[in-house]
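Structures given as C-alpha coordinates follow.
Each of the next two complexes has subunit A plus one other chain: subunit B in the first, subunit C in the second.
Now for the complex of A and B:
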(Lines of atoms letter the chains of each structure in order from A and count residues from 1; the text may use other names and numbers.)
(Lines give C-alpha, C1' and ligand atoms only; values in the text may rest on other atoms or scores of the structure.)
Protein backbone atom coordinates (compact mmCIF):
# COMPACT_ATOMS: atom_id res chain seq x y z
CA UNK A 1 0.00 0.00 0.00
CA UNK A 2 1.21 3.51 -0.81
CA UNK A 3 0.58 6.21 1.82
CA UNK A 4 0.93 9.85 0.79
CA UNK A 5 0.83 12.52 3.48
CA UNK A 6 0.11 16.20 2.92
CA UNK A 7 -1.48 18.89 5.04
CA UNK A 8 -3.80 21.82 4.63
CA UNK A 9 -3.29 24.16 7.56
CA UNK A 10 -3.66 22.06 10.68
CA UNK A 11 -5.55 19.29 8.87
CA UNK A 12 -3.59 16.20 7.80
CA UNK A 13 -4.55 14.59 4.51
CA UNK A 14 -3.52 10.98 4.10
CA UNK A 15 -4.11 9.39 0.69
CA UNK A 16 -4.04 5.61 0.55
CA UNK A 17 -3.46 3.58 -2.60
CA UNK A 18 -3.81 -0.16 -3.12
CA UNK A 19 -5.24 -2.88 -0.93
CA UNK A 20 -6.09 -2.40 2.73
CA UNK A 21 -5.96 -5.90 4.24
CA UNK A 22 -4.10 -7.89 6.91
CA UNK A 23 -0.79 -7.43 5.08
CA UNK A 24 -1.02 -3.65 4.75
CA UNK A 25 -3.10 -2.72 7.83
CA UNK A 26 -0.01 -2.55 10.14
CA UNK A 27 1.39 0.28 7.97
CA UNK A 28 -1.75 2.28 8.67
CA UNK A 29 -1.71 1.39 12.37
CA UNK A 30 1.84 2.74 12.58
CA UNK A 31 1.32 5.90 10.55
CA UNK A 32 2.17 8.86 12.78
CA UNK A 33 -0.38 11.25 11.28
CA UNK A 34 -3.22 8.73 11.43
CA UNK A 35 -2.67 7.69 15.05
CA UNK A 36 -1.76 11.12 16.43
CA UNK A 37 -4.56 11.68 18.98
CA UNK A 38 -4.27 15.45 18.55
CA UNK A 39 -4.50 15.50 14.76
CA UNK A 40 -7.63 15.76 12.65
CA UNK A 41 -7.09 13.56 9.61
CA UNK A 42 -8.83 13.32 6.26
CA UNK A 43 -8.15 9.90 4.71
CA UNK A 44 -8.60 9.82 0.94
CA UNK A 45 -9.62 6.31 -0.15
CA UNK A 46 -10.10 7.05 -3.86
CA UNK A 47 -7.27 4.72 -4.90
CA UNK A 48 -8.06 1.95 -2.43
CA UNK A 49 -9.40 -0.89 -4.56
CA UNK A 50 -10.12 -3.35 -1.75
CA UNK A 51 -10.63 -3.34 2.00
CA UNK A 52 -11.40 -6.24 4.33
CA UNK A 53 -12.01 -6.55 8.08
CA UNK A 54 -8.31 -6.04 8.89
CA UNK A 55 -8.23 -2.72 7.03
CA UNK A 56 -11.51 -1.69 8.57
CA UNK A 57 -10.21 -2.63 12.02
CA UNK A 58 -7.12 -0.46 11.52
CA UNK A 59 -9.28 2.56 10.67
CA UNK A 60 -11.67 1.95 13.59
CA UNK A 61 -8.70 1.49 15.94
CA UNK A 62 -7.20 4.80 14.83
CA UNK A 63 -10.52 6.54 15.30
CA UNK A 64 -10.91 5.07 18.78
CA UNK A 65 -7.70 6.78 19.85
CA UNK A 66 -9.21 10.10 18.83
CA UNK A 67 -12.61 9.48 20.37
CA UNK A 68 -13.96 12.24 22.64
CA UNK A 69 -11.23 14.60 21.44
CA UNK A 70 -11.52 17.72 19.32
CA UNK A 71 -10.37 15.86 16.27
CA UNK A 72 -11.14 12.74 14.35
CA UNK A 73 -10.90 10.89 11.10
CA UNK A 74 -12.89 11.79 8.00
CA UNK A 75 -13.02 9.33 5.11
CA UNK A 76 -13.43 10.44 1.52
CA UNK A 77 -13.91 9.14 -2.03
CA UNK A 78 -14.76 5.49 -1.30
CA UNK A 79 -15.54 3.31 -4.30
CA UNK A 80 -18.62 1.11 -4.19
CA UNK A 81 -16.83 -2.01 -2.93
CA UNK A 82 -15.13 -0.16 -0.08
CA UNK A 83 -18.35 1.59 0.89
CA UNK A 84 -20.15 -1.75 0.99
CA UNK A 85 -17.80 -3.05 3.72
CA UNK A 86 -18.59 0.01 5.85
CA UNK A 87 -22.32 -0.48 5.25
CA UNK A 88 -22.56 -4.19 6.08
CA UNK A 89 -20.55 -3.79 9.28
CA UNK A 90 -22.35 -0.57 10.30
CA UNK A 91 -18.94 1.11 10.59
CA UNK A 92 -20.30 3.98 8.49
CA UNK A 93 -22.00 5.15 11.70
CA UNK A 94 -18.62 5.84 13.28
CA UNK A 95 -17.04 8.00 10.59
CA UNK A 96 -17.81 11.22 8.79
CA UNK A 97 -17.79 10.19 5.13
CA UNK A 98 -17.48 12.63 2.22
CA UNK A 99 -17.39 12.14 -1.55
CA UNK A 100 -15.03 15.07 -1.98
CA UNK A 101 -11.69 15.50 -0.19
CA UNK A 102 -11.57 19.32 -0.26
CA UNK A 103 -15.09 19.52 1.15
CA UNK A 104 -13.95 17.20 3.93
CA UNK A 105 -10.91 19.38 4.64
CA UNK A 106 -13.15 22.44 4.83
CA UNK A 107 -15.51 20.62 7.20
CA UNK A 108 -12.58 19.49 9.36
CA UNK A 109 -11.22 23.03 9.56
CA UNK A 110 -14.64 24.35 10.61
CA UNK A 111 -14.98 21.63 13.26
CA UNK A 112 -11.56 22.48 14.63
CA UNK A 113 -12.41 26.16 14.63
CA UNK A 114 -15.56 25.61 16.63
CA UNK A 115 -13.81 23.21 19.03
CA UNK A 116 -16.11 20.28 18.20
CA UNK B 1 -22.23 -30.09 -14.85
CA UNK B 2 -20.22 -29.53 -11.68
CA UNK B 3 -16.69 -28.20 -11.95
CA UNK B 4 -14.03 -28.14 -9.25
CA UNK B 5 -10.90 -26.03 -8.94
CA UNK B 6 -8.46 -26.69 -6.11
CA UNK B 7 -5.48 -24.55 -5.14
CA UNK B 8 -3.05 -25.25 -2.28
CA UNK B 9 -1.16 -22.20 -1.01
CA UNK B 10 1.38 -21.69 1.77
CA UNK B 11 -0.44 -20.44 4.88
CA UNK B 12 1.42 -17.16 4.98
CA UNK B 13 -0.06 -13.69 5.06
CA UNK B 14 1.64 -12.70 1.81
CA UNK B 15 -0.40 -15.33 -0.06
CA UNK B 16 -3.76 -13.97 1.10
CA UNK B 17 -3.95 -11.51 -1.77
CA UNK B 18 -3.18 -14.26 -4.28
CA UNK B 19 -5.99 -16.37 -2.81
CA UNK B 20 -8.44 -13.47 -3.04
CA UNK B 21 -7.44 -12.66 -6.61
CA UNK B 22 -7.96 -16.29 -7.61
CA UNK B 23 -11.38 -16.22 -5.88
CA UNK B 24 -12.40 -13.04 -7.69
CA UNK B 25 -11.29 -14.45 -11.04
CA UNK B 26 -13.08 -17.77 -10.59
CA UNK B 27 -16.28 -16.05 -9.42
CA UNK B 28 -16.23 -13.55 -12.30
CA UNK B 29 -15.66 -16.38 -14.77
CA UNK B 30 -18.52 -18.50 -13.42
CA UNK B 31 -20.97 -15.61 -13.03
CA UNK B 32 -19.88 -14.00 -16.29
CA UNK B 33 -21.06 -17.03 -18.23
CA UNK B 34 -24.66 -16.10 -17.48
CA UNK B 35 -24.86 -12.49 -16.28
CA UNK B 36 -23.75 -9.00 -17.28
CA UNK B 37 -20.49 -7.40 -16.20
CA UNK B 38 -21.97 -5.47 -13.24
CA UNK B 39 -23.48 -8.60 -11.71
CA UNK B 40 -20.25 -10.53 -12.26
CA UNK B 41 -18.24 -7.72 -10.63
CA UNK B 42 -20.42 -7.72 -7.49
CA UNK B 43 -20.35 -11.53 -7.34
CA UNK B 44 -16.56 -11.52 -7.69
CA UNK B 45 -16.17 -8.92 -4.92
CA UNK B 46 -18.26 -11.06 -2.56
CA UNK B 47 -15.91 -14.03 -3.09
CA UNK B 48 -12.85 -11.78 -2.87
CA UNK B 49 -14.04 -10.55 0.54
CA UNK B 50 -15.09 -13.96 1.87
CA UNK B 51 -11.81 -15.61 0.89
CA UNK B 52 -9.78 -12.71 2.27
CA UNK B 53 -11.49 -13.13 5.64
CA UNK B 54 -11.32 -16.93 5.79
CA UNK B 55 -7.74 -17.19 4.48
CA UNK B 56 -6.60 -14.49 6.93
CA UNK B 57 -8.21 -16.45 9.76
CA UNK B 58 -6.35 -19.59 8.69
CA UNK B 59 -3.02 -17.77 8.63
CA UNK B 60 -3.67 -15.94 11.91
CA UNK B 61 -4.56 -19.11 13.82
CA UNK B 62 -1.86 -21.36 12.36
CA UNK B 63 0.21 -21.09 15.56
CA UNK B 64 3.93 -21.77 15.83
CA UNK B 65 5.11 -24.47 13.43
CA UNK B 66 8.44 -25.34 11.88
CA UNK B 67 7.06 -24.60 8.40
CA UNK B 68 3.96 -22.68 7.36
CA UNK B 69 1.04 -25.08 6.90
CA UNK B 70 -0.71 -25.26 3.59
CA UNK B 71 -4.18 -23.77 3.13
CA UNK B 72 -6.30 -25.33 0.41
CA UNK B 73 -8.90 -23.30 -1.44
CA UNK B 74 -11.48 -25.40 -3.29
CA UNK B 75 -14.11 -23.99 -5.64
CA UNK B 76 -17.17 -26.01 -6.61
CA UNK B 77 -19.25 -24.55 -9.43
CA UNK B 78 -22.70 -26.14 -9.56
CA UNK B 79 -25.57 -25.19 -11.85
CA UNK B 80 -27.18 -22.90 -9.28
CA UNK B 81 -24.38 -21.86 -6.92
CA UNK B 82 -20.67 -21.36 -6.47
CA UNK B 83 -19.04 -22.62 -3.26
CA UNK B 84 -15.57 -21.90 -1.98
CA UNK B 85 -14.10 -23.96 0.87
CA UNK B 86 -11.04 -22.97 2.89
CA UNK B 87 -9.33 -25.98 4.45
CA UNK B 88 -6.58 -25.90 7.07
CA UNK B 89 -5.13 -28.12 9.80
CA UNK B 90 -5.39 -25.57 12.63
CA UNK B 91 -7.20 -26.20 15.93
CA UNK B 92 -11.00 -26.50 15.62
CA UNK B 93 -13.05 -23.31 15.86
CA UNK B 94 -16.66 -22.18 15.84
CA UNK B 95 -18.42 -19.91 13.38
CA UNK B 96 -21.20 -19.19 15.88
CA UNK B 97 -19.77 -15.91 17.09
CA UNK B 98 -21.61 -12.72 17.99
CA UNK B 99 -21.33 -9.70 15.74
CA UNK B 100 -19.10 -7.01 17.25
CA UNK B 101 -20.71 -4.07 19.03
CA UNK B 102 -19.82 -1.25 16.68
CA UNK B 103 -20.48 1.39 19.34
CA UNK B 104 -17.46 0.15 21.30
CA UNK B 105 -15.13 0.77 18.34
CA UNK B 106 -13.84 -2.83 18.07
CA UNK B 107 -10.72 -3.40 15.98
CA UNK B 108 -11.43 -7.12 15.46
CA UNK B 109 -14.32 -9.51 15.00
CA UNK B 110 -15.74 -8.28 11.68
CA UNK B 111 -14.54 -11.24 9.58
CA UNK B 112 -17.36 -13.72 10.06
CA UNK B 113 -19.92 -10.91 10.00
CA UNK B 114 -18.67 -9.85 6.57
CA UNK B 115 -18.63 -13.44 5.30
CA UNK B 116 -22.23 -13.97 6.43
CA UNK B 117 -23.38 -10.69 4.87
CA UNK B 118 -21.87 -11.32 1.42
CA UNK B 119 -22.54 -15.07 1.16
CA UNK B 120 -25.86 -16.93 1.08
CA UNK B 121 -24.72 -19.94 3.11
CA UNK B 122 -21.79 -20.55 5.46
CA UNK B 123 -21.01 -23.93 7.04
CA UNK B 124 -18.16 -25.32 9.11
CA UNK B 125 -17.14 -28.92 9.61
CA UNK B 126 -14.18 -30.78 11.05
CA UNK B 127 -13.03 -33.68 8.90
CA UNK B 128 -9.85 -35.78 9.21
CA UNK B 129 -8.23 -33.18 11.50
CA UNK B 130 -9.05 -30.43 9.03
CA UNK B 131 -11.18 -27.32 9.42
CA UNK B 132 -13.38 -26.79 6.40
CA UNK B 133 -15.34 -23.57 6.15
CA UNK B 134 -17.58 -23.56 3.08
CA UNK B 135 -19.17 -20.39 1.71
CA UNK B 136 -21.80 -20.49 -1.03
CA UNK B 137 -23.56 -17.91 -3.14
CA UNK B 138 -26.41 -18.47 -5.57
CA UNK B 139 -25.66 -17.75 -9.21
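Now for the complex of A and C:
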Protein backbone atom coordinates (compact mmCIF):
# COMPACT_ATOMS: atom_id res chain seq x y z
CA UNK A 1 0.00 0.00 0.00
CA UNK A 2 1.21 3.49 -0.81
CA UNK A 3 0.70 6.16 1.85
CA UNK A 4 1.04 9.80 0.86
CA UNK A 5 1.13 12.47 3.55
CA UNK A 6 0.33 16.13 2.98
CA UNK A 7 -1.08 18.78 5.25
CA UNK A 8 -3.42 21.70 5.11
CA UNK A 9 -2.63 24.00 8.01
CA UNK A 10 -2.67 21.85 11.10
CA UNK A 11 -4.77 19.13 9.50
CA UNK A 12 -2.92 16.12 8.13
CA UNK A 13 -4.13 14.50 4.93
CA UNK A 14 -3.16 10.87 4.49
CA UNK A 15 -3.98 9.39 1.08
CA UNK A 16 -3.99 5.61 0.81
CA UNK A 17 -3.55 3.67 -2.41
CA UNK A 18 -3.93 -0.04 -2.91
CA UNK A 19 -5.19 -2.73 -0.56
CA UNK A 20 -5.83 -2.14 3.12
CA UNK A 21 -5.56 -5.63 4.58
CA UNK A 22 -3.68 -7.62 7.23
CA UNK A 23 -0.37 -7.00 5.45
CA UNK A 24 -0.70 -3.26 5.00
CA UNK A 25 -2.74 -2.37 8.10
CA UNK A 26 0.33 -2.20 10.41
CA UNK A 27 1.84 0.39 8.07
CA UNK A 28 -1.18 2.62 8.58
CA UNK A 29 -1.37 1.83 12.29
CA UNK A 30 2.24 2.98 12.72
CA UNK A 31 2.00 6.07 10.55
CA UNK A 32 3.32 9.06 12.51
CA UNK A 33 0.29 11.22 11.68
CA UNK A 34 -2.12 8.50 12.63
CA UNK A 35 -0.53 7.62 15.96
CA UNK A 36 -0.25 11.23 17.10
CA UNK A 37 -3.25 11.56 19.45
CA UNK A 38 -3.48 15.32 19.02
CA UNK A 39 -3.34 15.36 15.23
CA UNK A 40 -6.59 15.51 13.30
CA UNK A 41 -6.19 13.37 10.22
CA UNK A 42 -8.21 13.24 7.04
CA UNK A 43 -7.77 9.85 5.37
CA UNK A 44 -8.41 9.80 1.62
CA UNK A 45 -9.64 6.36 0.57
CA UNK A 46 -10.27 7.14 -3.08
CA UNK A 47 -7.60 4.74 -4.35
CA UNK A 48 -8.24 1.98 -1.86
CA UNK A 49 -9.69 -0.88 -3.86
CA UNK A 50 -10.04 -3.44 -1.06
CA UNK A 51 -10.40 -3.30 2.70
CA UNK A 52 -10.67 -6.26 5.06
CA UNK A 53 -11.29 -6.64 8.78
CA UNK A 54 -7.66 -5.80 9.63
CA UNK A 55 -7.90 -2.59 7.60
CA UNK A 56 -11.12 -1.70 9.33
CA UNK A 57 -9.42 -2.48 12.62
CA UNK A 58 -6.54 -0.14 11.80
CA UNK A 59 -8.97 2.72 11.08
CA UNK A 60 -11.10 2.07 14.18
CA UNK A 61 -7.97 1.67 16.31
CA UNK A 62 -6.59 4.94 14.96
CA UNK A 63 -9.82 6.74 15.86
CA UNK A 64 -9.74 5.29 19.37
CA UNK A 65 -6.25 6.72 19.90
CA UNK A 66 -7.27 10.26 19.10
CA UNK A 67 -8.17 12.84 21.69
CA UNK A 68 -10.92 14.04 19.35
CA UNK A 69 -13.02 10.91 19.71
CA UNK A 70 -15.45 11.65 16.91
CA UNK A 71 -13.39 13.59 14.40
CA UNK A 72 -9.77 12.69 15.11
CA UNK A 73 -9.94 10.59 11.96
CA UNK A 74 -12.14 11.75 9.08
CA UNK A 75 -12.63 9.59 6.01
CA UNK A 76 -13.13 10.87 2.49
CA UNK A 77 -13.70 9.74 -1.08
CA UNK A 78 -14.69 6.13 -0.40
CA UNK A 79 -15.45 4.16 -3.53
CA UNK A 80 -18.59 2.06 -3.69
CA UNK A 81 -17.02 -1.19 -2.50
CA UNK A 82 -15.30 0.30 0.52
CA UNK A 83 -18.44 2.25 1.41
CA UNK A 84 -20.46 -0.96 1.26
CA UNK A 85 -18.13 -2.60 3.77
CA UNK A 86 -18.59 0.34 6.12
CA UNK A 87 -22.35 0.13 5.71
CA UNK A 88 -22.53 -3.63 6.31
CA UNK A 89 -20.41 -3.45 9.43
CA UNK A 90 -21.99 -0.22 10.64
CA UNK A 91 -18.50 1.25 11.03
CA UNK A 92 -19.83 4.30 9.21
CA UNK A 93 -21.47 5.39 12.45
CA UNK A 94 -18.09 5.82 14.10
CA UNK A 95 -16.62 8.16 11.50
CA UNK A 96 -17.41 11.41 9.80
CA UNK A 97 -17.35 10.56 6.11
CA UNK A 98 -17.09 13.11 3.31
CA UNK A 99 -17.11 12.81 -0.47
CA UNK A 100 -14.68 15.68 -0.86
CA UNK A 101 -11.28 15.96 0.83
CA UNK A 102 -11.28 19.75 1.05
CA UNK A 103 -14.71 19.73 2.69
CA UNK A 104 -13.36 17.26 5.23
CA UNK A 105 -10.32 19.43 5.90
CA UNK A 106 -12.55 22.46 6.36
CA UNK A 107 -14.77 20.52 8.76
CA UNK A 108 -11.74 19.29 10.74
CA UNK A 109 -10.35 22.83 10.96
CA UNK A 110 -13.70 24.10 12.26
CA UNK A 111 -13.88 21.32 14.83
CA UNK A 112 -10.34 22.07 15.93
CA UNK A 113 -11.18 25.75 16.16
CA UNK A 114 -14.18 25.12 18.36
CA UNK A 115 -12.17 22.66 20.47
CA UNK A 116 -14.69 19.79 20.10
CA UNK B 1 -11.55 -3.85 -9.39
CA UNK B 2 -14.90 -5.50 -10.03
CA UNK B 3 -16.75 -6.41 -6.83
CA UNK B 4 -13.62 -7.36 -4.86
CA UNK B 5 -15.68 -8.26 -1.78
CA UNK B 6 -18.13 -10.38 -3.80
CA UNK B 7 -20.90 -8.52 -2.02
CA UNK B 8 -23.25 -8.95 -4.96
CA UNK B 9 -23.31 -12.69 -4.38
CA UNK B 10 -24.23 -12.58 -0.72
CA UNK B 11 -27.99 -12.34 -1.06
CA UNK B 12 -28.26 -14.84 -3.90
CA UNK B 13 -26.03 -17.42 -2.27
CA UNK B 14 -27.26 -16.96 1.29
CA UNK B 15 -29.45 -20.06 1.41
CA UNK B 16 -27.01 -22.27 -0.48
CA UNK B 17 -24.08 -21.14 1.63
CA UNK B 18 -25.85 -22.01 4.87
CA UNK B 19 -25.80 -25.78 4.41
CA UNK B 20 -22.07 -26.27 3.67
CA UNK B 21 -21.28 -23.87 6.51
CA UNK B 22 -23.41 -25.91 8.88
CA UNK B 23 -21.76 -29.15 7.76
CA UNK B 24 -18.26 -27.69 8.18
CA UNK B 25 -19.12 -26.28 11.59
CA UNK B 26 -20.64 -29.56 12.80
CA UNK B 27 -17.65 -31.54 11.57
CA UNK B 28 -15.18 -29.11 13.19
CA UNK B 29 -17.17 -29.09 16.44
CA UNK B 30 -17.08 -32.89 16.45
CA UNK B 31 -13.29 -32.86 16.12
CA UNK B 32 -13.01 -30.32 18.94
CA UNK B 33 -15.29 -32.42 21.15
CA UNK B 34 -13.16 -35.49 20.53
CA UNK B 35 -9.94 -33.60 21.31
CA UNK B 36 -11.23 -31.77 24.36
CA UNK B 37 -13.35 -34.51 25.91
CA UNK B 38 -10.46 -36.15 27.78
CA UNK B 39 -9.18 -32.94 29.44
CA UNK B 40 -12.79 -31.92 30.14
CA UNK B 41 -13.62 -35.21 31.87
CA UNK B 42 -10.40 -34.99 33.89
CA UNK B 43 -10.48 -31.30 34.80
CA UNK B 44 -14.16 -30.49 35.24
CA UNK B 45 -14.81 -32.50 38.47
CA UNK B 46 -11.61 -31.20 40.07
CA UNK B 47 -12.32 -27.60 39.17
CA UNK B 48 -15.91 -27.86 40.35
CA UNK B 49 -14.85 -29.40 43.66
CA UNK B 50 -12.23 -26.72 44.08
CA UNK B 51 -14.81 -23.97 43.51
CA UNK B 52 -13.07 -22.68 40.38
CA UNK B 53 -15.92 -23.65 38.03
CA UNK B 54 -19.22 -21.87 38.37
CA UNK B 55 -22.07 -22.23 35.94
CA UNK B 56 -25.07 -19.94 35.52
CA UNK B 57 -27.79 -20.24 32.93
CA UNK B 58 -29.04 -17.23 30.99
CA UNK B 59 -31.18 -16.50 27.95
CA UNK B 60 -29.51 -15.29 24.77
CA UNK B 61 -30.87 -14.10 21.47
CA UNK B 62 -31.08 -16.87 18.87
CA UNK B 63 -29.82 -16.36 15.34
CA UNK B 64 -33.28 -15.46 14.04
CA UNK B 65 -33.61 -12.89 16.86
CA UNK B 66 -37.27 -13.78 17.37
CA UNK B 67 -36.53 -16.51 19.90
CA UNK B 68 -34.09 -17.08 22.69
CA UNK B 69 -31.78 -19.92 23.66
CA UNK B 70 -30.72 -20.88 27.14
CA UNK B 71 -26.98 -21.24 27.49
CA UNK B 72 -24.76 -21.95 30.47
CA UNK B 73 -22.20 -19.27 31.11
CA UNK B 74 -19.13 -20.67 32.81
CA UNK B 75 -17.14 -18.54 35.20
CA UNK B 76 -13.69 -20.06 35.42
CA UNK B 77 -11.46 -18.66 38.14
CA UNK B 78 -7.95 -18.97 36.80
CA UNK B 79 -6.30 -19.05 40.20
CA UNK B 80 -4.46 -22.36 39.92
CA UNK B 81 -2.47 -24.13 37.24
CA UNK B 82 -5.32 -26.55 36.52
CA UNK B 83 -7.82 -23.73 35.96
CA UNK B 84 -5.35 -21.84 33.78
CA UNK B 85 -4.86 -24.89 31.57
CA UNK B 86 -8.63 -25.43 31.41
CA UNK B 87 -9.18 -21.81 30.37
CA UNK B 88 -6.38 -22.00 27.81
CA UNK B 89 -8.03 -25.07 26.29
CA UNK B 90 -11.38 -23.22 26.23
CA UNK B 91 -13.00 -25.95 28.35
CA UNK B 92 -15.49 -23.30 29.48
CA UNK B 93 -16.90 -23.46 25.94
CA UNK B 94 -16.91 -27.28 25.75
CA UNK B 95 -20.61 -27.77 26.55
CA UNK B 96 -21.56 -25.13 23.97
CA UNK B 97 -19.98 -27.21 21.20
CA UNK B 98 -22.95 -29.60 21.37
CA UNK B 99 -25.28 -26.71 20.48
CA UNK B 100 -23.61 -26.58 17.06
CA UNK B 101 -25.22 -29.93 16.20
CA UNK B 102 -28.70 -28.56 16.86
CA UNK B 103 -27.94 -25.42 14.87
CA UNK B 104 -28.56 -23.12 17.83
CA UNK B 105 -24.96 -21.91 17.68
CA UNK B 106 -22.36 -21.65 14.97
CA UNK B 107 -18.88 -22.81 15.81
CA UNK B 108 -17.73 -19.25 15.16
CA UNK B 109 -19.96 -16.20 14.79
CA UNK B 110 -21.18 -13.27 16.82
CA UNK B 111 -20.72 -12.97 20.55
CA UNK B 112 -24.06 -14.18 21.98
CA UNK B 113 -26.19 -11.23 23.01
CA UNK B 114 -28.26 -11.35 26.17
CA UNK B 115 -31.98 -11.59 25.43
CA UNK B 116 -32.74 -8.45 27.38
CA UNK B 117 -30.50 -6.22 25.29
CA UNK B 118 -30.46 -5.36 21.62
CA UNK B 119 -27.26 -6.08 19.67
CA UNK B 120 -25.02 -3.10 20.05
CA UNK B 121 -25.09 -0.65 17.19
CA UNK B 122 -26.72 -3.28 14.99
CA UNK B 123 -28.09 -2.57 11.56
CA UNK B 124 -31.19 -4.40 10.47
CA UNK B 125 -30.53 -7.43 8.33
CA UNK B 126 -30.15 -11.14 8.67
CA UNK B 127 -26.39 -11.04 8.25
CA UNK B 128 -25.85 -8.94 11.32
CA UNK B 129 -26.04 -11.61 14.01
CA UNK B 130 -25.26 -15.31 14.22
CA UNK B 131 -24.35 -16.45 17.74
CA UNK B 132 -21.30 -18.67 17.97
CA UNK B 133 -19.31 -20.75 20.45
CA UNK B 134 -16.32 -18.61 19.51
CA UNK B 135 -16.64 -15.07 18.20
CA UNK B 136 -14.95 -13.60 15.14
CA UNK B 137 -13.63 -10.79 17.32
CA UNK B 138 -11.67 -13.35 19.33
CA UNK B 139 -9.87 -14.33 16.13
CA UNK B 140 -8.76 -10.77 15.42
CA UNK B 141 -6.72 -8.15 17.19
CA UNK B 142 -9.92 -6.36 18.12
CA UNK B 143 -11.61 -5.85 21.46
CA UNK B 144 -13.46 -9.11 22.14
CA UNK B 145 -16.66 -7.34 23.17
CA UNK B 146 -18.61 -4.15 22.68
CA UNK B 147 -19.44 -2.09 19.61
CA UNK B 148 -16.01 -2.40 18.00
CA UNK B 149 -16.17 -6.19 18.25
CA UNK B 150 -19.60 -6.09 16.59
CA UNK B 151 -18.03 -4.35 13.58
CA UNK B 152 -15.50 -7.11 12.92
CA UNK B 153 -18.12 -9.77 13.58
CA UNK B 154 -20.43 -8.26 10.99
CA UNK B 155 -17.54 -8.05 8.53
CA UNK B 156 -16.91 -11.77 8.82
CA UNK B 157 -20.60 -12.64 8.83
CA UNK B 158 -20.80 -10.99 5.44
CA UNK B 159 -17.51 -12.18 3.98
CA UNK B 160 -16.38 -15.42 5.55
CA UNK B 161 -16.72 -18.76 3.83
CA UNK B 162 -17.16 -22.13 5.53
CA UNK B 163 -13.47 -22.92 4.97
CA UNK B 164 -12.20 -19.55 6.19
CA UNK B 165 -14.33 -20.14 9.29
CA UNK B 166 -12.08 -23.10 10.16
CA UNK B 167 -9.01 -20.86 10.01
CA UNK B 168 -10.73 -18.24 12.14
CA UNK B 169 -11.76 -20.85 14.74
CA UNK B 170 -8.12 -21.94 14.99
CA UNK B 171 -7.03 -18.31 15.34
CA UNK B 172 -9.65 -17.66 18.04
CA UNK B 173 -8.61 -20.83 19.88
CA UNK B 174 -4.91 -19.88 19.72
CA UNK B 175 -5.65 -16.29 20.81
CA UNK B 176 -7.56 -17.57 23.83
CA UNK B 177 -4.75 -20.05 24.54
CA UNK B 178 -2.13 -17.28 24.49
CA UNK B 179 -4.31 -14.87 26.41
CA UNK B 180 -4.94 -17.36 29.21
CA UNK B 181 -1.41 -18.68 29.36
CA UNK B 182 0.06 -15.18 29.67
CA UNK B 183 -2.64 -13.93 32.07
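Assume the second predicted complex is superposed on the first by the 111 of 116 C-alpha atoms of A that agree within 3 Å, B and C clash if a C-alpha of one lies under 4 Å from a C-alpha of the other, contacts with A are read in each partner's own complex, and residues count from 1 in each chain.
The rule is simple: contacts are C-beta pairs under 8 Å (C-beta built on N, C-alpha and C of every residue); 3 or more make two chains touch, one makes a residue touch a chain.
The shown structure was predicted, so the numbers you read here are calculated from the model rather than taken from an experiment.
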item	value
Side-by-side fit of subunit B and subunit C on subunit A, or clash	clash
Subunit B versus subunit C as contact partner of A:49, first or second or both or neither	second
Partner chain(s) touched by A:21 [first = subunit B, second = subunit C, both, neither]	first
Contacts of A:93 with subunit B and subunit C, given as first, second, both or neither	both
First, second, both or neither for A:57, with subunit B first and subunit C second	both
Which superposed partner A:2 touches (first subunit B, second subunit C, both, neither)	neither
Partner chain(s) touched by A:102 [first = subunit B, second = subunit C, both, neither]	neither
Residues of subunit A touched, compared between subunit B and subunit C (which is higher)	B
Subunit B and subunit C footprints on subunit A, overlapping residues	50, 52-54, 56-57, 60, 64, 81, 84-85, 88-91, 93-94
Subunit A contact footprint on subunit B (complex, rising order)	13-14, 16-17, 20, 45, 48-49, 52-53, 56, 59-60, 100, 102, 105-111, 113-114, 117-118
Residue ranges of subunit A in contact with subunit C within the complex	49-50, 52-54, 56-57, 60, 64, 81, 84-85, 87-91, 93-94
Of all residues in subunit C, those that touch subunit A in their complex	1, 3-5, 7, 121-123, 127, 136, 140-142, 148, 150-152, 154-156, 158-159
Residues of subunit A touching subunit B in the complex	19, 21-23, 50, 52-54, 56-58, 60-61, 63-64, 67, 81, 84-85, 88-91, 93-94
